[in-house]
Amino acid sequence: MKVQGKRKIWHDYQKEIADDHYYYVRSCIRQNFFPASEYYFLKILKDVLGKDVFDDPKHTTCTGIGYHADIIPFETIQTVVARHFALMTEAGYKNFAVSCVTSFGIYSEITETWKEFPEELEKTRIALKKSTGREFKVPANITHTSDLIYKFKGDIAEKQVHELINKKTGKPLQIIEHVGCHYAKIFPSKGVGGAEFPNVLTGMIEEWGGEVVDYPERRHCCGFGFRQYLVQGNRGYSLANSKKKFESMKPYHPDAIICNCPGCTMFLDKWQYVLSETEGKTYGAYGSGIPVLTYEELAGLVLGYNPWDLGLQMHQVDSEPLLDKMGIEYDPEKKYLGKKDQYIGQPCNIVASL
Amino acid sequence: MKSLYNRLCEDVRFIEGIKACMNCGVCTAICPAAEFYDYDPRVIVNQVMQKDDTVIEGLLKSDTIWYCGQCMSCKTRCPRDNVPGLIISVLRKVSQELGYFTESKKGRQQLVVKRNVGDTILKYGYCVYPRTLKPELHPEQGPAWEWVYNHPHEVYERLNGNFEQEGAGTLRKTSPEVLGELKAIFDETGGTEFFEIIEKYSLEKAQKMGMATSDNNLDAYINHVQSQ
Amino acid sequence: MIDFGFTLSETRTIDYEQFDGRLLNYVLQNEPSFLTCLSCGGCTATCSAGNLIEFNIRKINLLLRMGEYEGLAREIDKCMLCGKCILICPRDINIRNVVMLIKKGIVKYKNE
Amino acid sequence: MIQLSMKKNILTIGGGVAGIEASNILAGMGYSVSIVEKEVTLGGKVNQWHKLFPDLRDASDINDYLKKRVKQPEIMVFTNTEITSVKKTDDGFYAKSNRAVGFEAHAILLATGFDVFKAERKEEYGYTIYDNVITSVDLEKQFKKGGAIHTTGGKTPKRVAFIHCVGSRDAKTGNHYCSKVCCVTGVKQAIELSHLLPDAEIFCFYMDLRMYGLEFEELYKSAQEKHNIQFIRGRLSEASENIDNTILIKCEDTLSGRPLKMNVDLVVLLVGMEAGSGTHAAGELCKLNFQENNFLACSDIHLGRNCSSREGIFLAGSCIGPMSIPETLDNARSAALEIHKFLSKN
């Protein structure tokens, strides 16, 4: 594999990412399963990088999961999106930062639709005004939150505490990057590095000392499939697609999987558990799983935050093998404790977890 | 009555999604659904392109249109700029509007999606919410999730969340005013009506299948369709 | 074991690495004209059996080339051996002989 | 400045097959012709080819033929030369070049040819990224160089895939048109490769096989019959590199209607033809109209094939669109007649 070829592509796809002052919208899946990732994203941007981010309690879901599972009409989701733009406009912002990859795809698709079909924009303006009395401006800049961490990866590196290097061997960690389908497959030019060789996660991983594994099924979907996961009887589809990826990455002995999409992070984590339960298959070293992290968690570890503050205890696959390799100290006794170190229950079969 | 094809054309996503297919198969080659279901996006585009209402009606009543996982990988690759994923979205919309979705096993599952995601949106302001992710319905979420589910306040507090509280932050309580706005948008833009249509046709089907109770409880129907 | 309420979906992809070429080679060696099939569908259009039942004689080429022997055995039995396809084939393939060879080959390689 | 006798002058821009053939005929008719070629040598793309379809004759035959056609002093040749401006004069045009030479011409012939599609633009095929993904031009050069065919790892390929329609019939690259010659090039190269790699399985992945020319279909049939080349109907969707440097390719077998994957040792991308940078520059200098596909526009697609959108400026060869060598020769001859008709009238 020749890296120069990829660098050429990365050079060609440089999207515009605003430098400061963002209106932030949360993700349904990320705040449920990786709440600390959203918390640390804001903390890193505000406290470490000194940026202005507005976290508005008035916004809601974009309804994207419902939309892609076909229970939300296009008119409805356009108007919900328009309401978020109105909130942004009212708050005095013009840069829109999105935590969810599916939402990012939705915002991109709708703003593109409005360019091509201005009558849809007009209909939406009227519908929003009628239903909420609000008016909006289309954002000047729409970014996924991973774009922002990518943009400031160098500033984070300057404050780096832990490198993505195996402390024992001194070699770079071998990391799988999994970019959510809706990040760049819908509009390749809206993703850093494009759709085929996205650079958004690769850039962070390399900047912080790791090496990226390019494996044959790298581009394949995690298998969420919206209704294919939401309906219990269809989940075999979702599982089979993730399995296809695990089988393909296994020969490379990856140390971790990093995702920019909250759904992918969750599925690549949980499906390893299901495959271990149903087929007795594991994909990491010594019968363990491959730790799956969000890019915020990765940035947090790099900056030296406590793994349990970052929420790694919410993952089904244990992250400890990765922490050990990076030489990060942690207190196993405190993994499942509460805010004041009190006992708050713990997963029932942590022994059997991966 | 207007033709089904014209009905599809009324949606801008259909116009955007359908150009002219040359049967190259690049969409099917990398389609996650084509690998695991008897599904071929290339064939769907060709069937729709025939503009034959009998063929389209067959699609709208079939399992086929419900296999797509909406990953949109097809959009990246199509050498003719078609978007099979968008065509599917419009077929699914029309199938539900006309009540055809209850004619297929996979289509009938839309009630499950509406009851889970749809109702959650209007109740909590988000598509997913810890209270609705019951471990017995989500065994794949594993013990870690079960722990979170059983101790949401403590776990989310530990992780600096704002679970069910006023103000900003993760999993904060969405205020009644905001939920009111969301509902007003749904009422204005056909979202509420769409939910009602799904409920109405599902009830009719459940009655026909003998799976509705006298007070129109559809639990048995839901249990049945989600395992199909 | 935990009941997850679903099972892993099976792949439908043709995986060339799993290909067993013995039957194909046997047919091609004994009826080389079959190499030149264009997949035009002339045979299927004229096929006596195909006009009465669900049978596509053109597809036996694909099944054979992809090593789908199970499906092939099932399909090949539907042929009535009328030979009309030979008359119509633009590449002059002796399709009847191909069918006979496949039948023979399936028995031959089943026991190997 | 080149000022020649009382004869009428013609400036040919581009010294490939079309430019040389047309210039030869015009010189034979008594015109004084100057050929300007930006490369060091005449001959154009044919210089790179090894053997030609459909009869596998040596490409050098064409070179030899062309060399003989450049009769001096009737034809003056300026290699390493590029036209930098073209101005209309009372009785024709005046063209300046990057060298200390200008040209007065009563007519100009553009024979600026094509560029090969840059395969790295189909990112998902991994050209310039994956070691064992090459183009048909790379393979042709390898044939010309001679010697054994190896993968980058030094292995003798056991399985090779030719990929049709790379950069042609593809909205994603902006090239909606068919490049026409790649189908038969693929068949030709597959046959040549089967001689060099008798034990290898060779596949062609195609959408349609456009065997439009004399003896093309016969070549295709012999590839199937005598050389055991296998044809699978499906366009390549993506290629990825396996851990052992083999390439995993994915397409749909559209005749069975199922996705297909295959590991191959070598992938050959059959790259199409694009309006070249030379054609673009010359067209701009002469202020000509272009077709939507960036090739030069003819005045009439049926009746004015060799006439550009401007009087006195003519077109020949693949600056008009994809063409094989025999077609280019025919086209050049008809361009010569068109110019003669024009100059005799004035």
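Letters A, B, C and D name the chains as they come in the text, with residue numbers starting at 1 for each one.
Just so it is clear, a residue touches a chain if its C-beta (ideal position, glycine included) is under 8 Å from a C-beta of that chain, and two chains touch if they have at least 3 such contacts.
Quick caveat: nothing in here was measured; it's all calculated off a predicted structure.
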item	value
Given chain A and chain D, the chains that contact each of them	B, C
Winner on C-beta contact pairs when B-C is weighed against B-D	B-D
Approximate Å spacing (C-alpha centroids) for the pair chain C, chain D	40
Geometric centre distance via CA averages, chain D-chain B, whole Å	49
Gap in Å, rounded to a whole number, between the CA centres of chain B and chain A	22
Junction residues of chain B - those touching two or more other chains	30, 34-37, 76, 140, 227
Touching two or more other chains - residue numbers and ranges from chain A	195-196, 219, 232-237, 239-240, 244, 274
Per-residue multi-chain contacts in chain D, two or more chains	124, 233, 238, 253, 258-260
Touch list for chain D against partner chain C, complex	221, 224-225, 228, 230, 233, 253, 255-256, 258-263
Chain B contact footprint on chain A (complex, rising order)	26, 28-29, 31-33, 35-36, 38-39, 55-58, 60-61, 63-66, 68-76, 78-80, 83, 105, 113, 116-117, 120, 127-128, 130-132, 181-182, 184-186, 188, 195-196, 219-221, 223-228, 230-241, 244, 270-271, 273-274, 308-309, 311, 313-316, 336-339, 342, 344-350, 352-353
Residues on chain B engaged by chain A in the complex (per definition of touch)	11-13, 16, 30, 32-33, 35-37, 66-67, 69-73, 75-76, 89, 92-93, 96, 106, 109-110, 112-114, 116-118, 121, 125-130, 133, 137, 140-148, 150-151, 154-161, 166-172, 174-175, 178, 181-182, 184-191, 194-195, 198, 225-228
Residues of chain C touching chain B in the complex	2-5, 9-13
Contacting residues of chain B [partner chain C, same complex]	34-38, 139-140, 227
